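In the two assemblies presented below, subunit A is common to both, partnered first by subunit B and then by subunit C.
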Partner chain A sequence: MYRWLDDRLSIGKLYAKAFRKAFPVHHSFFLGEITLFSFITLVLTGIFLTLNYEPSIRPVSGPLSGGQEVPAAYYSILYIDSLPFGAVIRSLHHWAAHIMIAAAFLHMLRIHLTGAYKNPRELNWIVGVFLLVLAILTAFTGYALPFDNYALTATKIGYEIGAAAPWVGKLLSDILFAGELSPTNTQTIPRLYSIHVLWLPLTLIALISLHLVIMIKQKHTQPRYAEKVAPGKIVGVPLFPQQAAMMGILFLVYIGATTFIAGAFLAHPVEAFGPPTANTPAVKPDWYFLWIYGILQIIPANWRFEFLGATFGPQFWGGILVPTLIILGALAIPFLDYSKEKQRYLELPSRHPFRTSFVIGVLMFYIMSTLAGYKVDLGLSNELLWVLVLVVPVVTGVVSYILIKAIYGKEWNQEVQVELRGKGPATD
Partner chain B sequence: MADHEATAHSHHHEEDPQAHATRRAVLQAALGVSAGATLLSALWVGASLIPRKEEVPSKEPVAVGDVLVFATGPKANQEITLDDLRAAQREPIPFILAFPRSPQNVVKKDLITNTIMVILADPARMSPETRKLASPEGVLAYSAICKHLGCTVSQWQNGLWRCPCHGGEYDIYNQARVVGGPVPKPVPQLPVKVEGGRVVVAGEFTDRPGADV
Partner chain C sequence: MYRNDTVVPYFALVFSAALFLTAYLNDRFRVVHEAGAVPHLTVGNIGLMAFALVLFVYGFIGLLSNWLEGSELRPGRHEPEPSSLPMVAGVVLSLLLVMLSGFFVRTLIFANNPEIGYYNATTLQAGVFGAMMFILALLIAIYKKFFIEEEVLAEDEKGDFPW
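Entry: the complex of A and B
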């Protein structure tokens, strides 16, 4: 059998080329894989959901809605929840999306903290940033599909934030959502459904493939220990069988853990909010939008002017400008901090105090603007939150810079001296 | 490169290089025209993604003479009476969300900016401008769509009308002046009067309703 296949497909060559790819072994290297596992889980659970979901808001009634007339999309969610394990699979879809975004973010942090984005891997960093943005966008386009009052409200806020982009915002929002969101706009759900289950996932698959092909072509940056073990050589276990076995085990653990979470914390019961009405319930976004939500709340109301027919209001500053600047900043990182020589080994965060404390400062900014999302609940004043959002990250960055220098600086200097002395005789 | 190919080609077929160049030009022109036509038709198809404006009676904007009806709840689509507004005053949420109903008996609920907040308030507390557009009994109406990001302003806290989405707060006695949150503008007021116990629209919105984006 093997020979028959090998004869026709040259499996031997494929094995030698692709399956022997060396994977460095380090626990932080599994974050990208967890992101990939989440995506696979999302596709599989998503297929199940599409088979039972009706992308329409035509009014229907039946035993599941107690005879009450509800939108068909909403009814089909009740139907999915009534299937064996239906609610768990829907919940798994929800939590896998959260885990995918979280894992992708942590993966990006690992790359950032170890300088793995430097020459020659700038391109894959950029692909990665787009993947994270697309993953968040995909999650967002799925919000409206259950078509309960919460879903519609959350999506409507997204519509208006999109419309707050100058000049083209309204047009783009209208194209994405098929017009203004309302409980009776029949075109919105089919439009978002197509984007959520077809176009964005296809784009994600294409970009994930590109991400992996570039990674295989360029090889992983090597962990620090590889330099000591075998300098100048690629160290790691082959994709097949060792890495594949580890990935398999991790995938099973991942599925087990997320299914447990999904079963224990059933996501978003649509009955809690009911079908959309003219009323707006109290909503809070998911954690990966909470920071934008926080910033939107503390932007002063009077920051508003009009320019060439476009309105630049608080919605623009908080909802469009800040996220755009952060994405552009992320894209610029490999060009601001680059190395002329090709980067072979990961850098220790302790040896790069500026970069490490910058990352800590950015994380603090995220935490503080998330805290601003609880402005009303905690009764915090705008002035205090502005200080927290702007000053605390800077102070945190400065303090961690001083601490890293104080703790690791001496050790580092000694090592540099040892290295120089070690090289001494060779140059003589 | 192209020249080299051309000569190599003509050697094989003993062809006039002039004829070859003409053929090449024709092919290039054909390719250009096809690419242009493809792009244009793709744009034409793409433009259909912009939703059409449907003109149906239930999407007409609010107009003078419309009667306000309940937008939500068990009384949805029924006329809001002065008694209903009095009863609401004793509730935690003292206002009622309404849609306009045209004289042709169409409830115009498919236009989101037709969502209206109506409340019975003390005329003595209202600013003169606010009172001018309220009914003598103190019936007051505003667009219920938040100027920030288009949520329905649906909460009431410490005597202020409050949006649940980003904490915008409006003072209903003062032309919906913004007193809290990130809202850039007050929501427009809707002039109303009471006729036969029903709330009737008496004028246009004082400004464009809907989110200020």
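Entry: the complex of A and C
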């Protein structure tokens, strides 16, 4: 059989070239794989969901809704939840989306903290930033699909931000929502469904493929010790069988842990809020939008002006301008911290106090902005929240910088030097 | 970060547990159990648990990677050291997997019963399925550790793959 295939497809050459590619070993590389496996889980569970979901709001009734007329999309969710293991698969789809975004975010933090975005990997960093943005957008477009009161209300927060974009707001909402987002717009759910299951996943698949191909061509940044073992070489295990075995183990552990949580904590039971009604429940957007929602909470309503027929209001400042500036800042990182030398090895975060403390400061900004999303619940004043959002991240960054320099003394700003013969020096 | 150490994975596991606990213990993030309402998670709770899950999987695989692959690679071939114990563990785990598979199918048949209103015991279903996945992962880990010949390559930086 092998010979028959080899005669026709030269699979021996494929094995020698592709399956013996060296994969360096380091625990931090698994964050990217967790992101990838989340996407694969989303596709697999998504296929099951598409087989049973009806993207329509036509009124239907049946035993699952107790004879009450509900939108077909809502009813199909009740149907999916009634199938054996169906509720777990739907919940797994929901959890995998959250995990993909969380893992991609942590993966980006790791890349940033270890300087792996530097020459020659600037392009892959940019692709990675777009992947994270696209993953969030894909999750957002799926949010309204269950068409319960909660999903519709939460989606409205994002819809209003998009619609507030100067000059192009209406065009954006027409493209994404087929007009105004309302319980009676029959075109919204089919439009969101098409974008969620076809266009955005296809774009994600294309970008993920590009991300992986670039990574394979440019090779991983390696742990620093590899310079001591084989300078100028990629020290790693072959893709098959060793790396494939590790990937298999990771996928199974990921699926096992996520499925357990998905079953024990159903992420979005539609019965909790019921089908859309005239009453708007008090809801918040998903956690990855909560920081934007927090900024919107603290921007005064009178920060508004008109320019060339467009309105620049709080939703523009908090929902569009700040996220856009952050995305542009992220894209610029490899060019602001440019290295002429090729980056071959992981840098130690402790040896780069400015970069590390900057990341800590940015993390604190996200945490404080998210906290601002609970302004009403916690009874926090606007003044206090402005201080928390603007001052605390800066103070945290400065304190981290001082601490790192104090702890590592003269070693700060110096990458670990390895001795090519004999024992390596200090480690982290 | 210098090598494939266990410090960061251990820290990730501790942090993961802390996030789970925060999600559970904080009243504002607790699972909603109002009278007559369907229990559901708040967005904050989901966020904390999503990060906790990522950190758990990352910490677990990080420690496993250290056990299976070591903290530093050295080019060459390394013979495995098979013994009776991993073989026995493999047989026991395989039997357990078969038992759990049967039980999992039983939970699906139970859920497909119109007399009980197609009730899904989701925690049980997911628990059994999750345990099956963990056992499969353990079986591969044991096979990799004790039965696969390990090879470490020192590949040229300018490889011609994929072009």
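Definition applied: the second predicted complex is superposed on the first by the 410 of 428 C-alpha atoms of A that agree within 3 Å, B and C clash if a C-alpha of one lies under 4 Å from a C-alpha of the other, contacts with A are read in each partner's own complex, and residues count from 1 in each chain.
Criterion: a contact is a pair of C-beta atoms (placed from the backbone, for glycine too) under 8 Å apart; a residue touches a chain by one contact, two chains touch by 3 or more.
Quick caveat, the model's predicted, so the values are computed rather than measured.
Taken together in the superposed arrangement on subunit A, subunit B and subunit C fit without clashing. Judged by the touch definition given at the top, the superposed model places A:Phe265 against subunit C, while subunit B stays out of reach. Touch criterion met: A:Ser28 reaches subunit C, while subunit B stays clear of it. Contact with neither subunit B nor subunit C is seen for A:Phe19 once the two complexes are overlaid on the shared chain.
Taking the Cα centre of subunit A as vertex, the centres of subunit B and subunit C in the superposed model span 130°, given to the nearest 10.
In the superposed three-chain model, the partner touching more residues of subunit A is C, compared with the other of subunit B and subunit C.
Look at A:Trp386: by the touch rule set out above, it reaches neither subunit B nor subunit C.
Contacts of A:Val253 after superposition on the shared chain: subunit C is touched, whereas subunit B is not.
Of the two partner chains placed by the overlay, neither subunit B nor subunit C lies in contact with A:Phe48. Once both structures are fitted on chain A, no C-alpha atom of subunit B lies closer than 13 Å to one of subunit C.
Residues 283 of subunit A contact both subunit B in one complex and subunit C in the other. Considering their complex, residues 153, 156-157, 159-161, 163-164, 169-171, 174-175, 178-182, 184-185, 187, 277-283, 293, 296-304, 311, 313-316, 318-319, 375-376 of subunit A touch subunit B. Those residues of subunit A lying in contact with subunit C across their complex are 17-18, 20-22, 24-28, 30-31, 34, 81-88, 91, 95, 98-99, 101-103, 106, 114, 213, 216-217, 219, 223-226, 229-230, 232-238, 241-242, 245-246, 248-250, 252-269, 271-272, 283-288, 290, 344, 346-349, 370, 374, 377-378, 416, 424, 427-428. Within the complex formed with subunit A, the residues of subunit B that make contact are 49-51, 58, 71-72, 97, 99, 109-112, 115, 144, 148-155, 163-168, 178, 181-185, 211-213.
Partner subunit A is touched in their complex by these residues of subunit C: 1-5, 7-9, 28, 31-32, 37-44, 46-51, 53-58, 60-62, 64-66, 68-70, 72-75, 107-109, 111-112, 118, 120, 122-127, 129-134, 136-137, 140-141, 143-144, 148, 150-157, 159-163.
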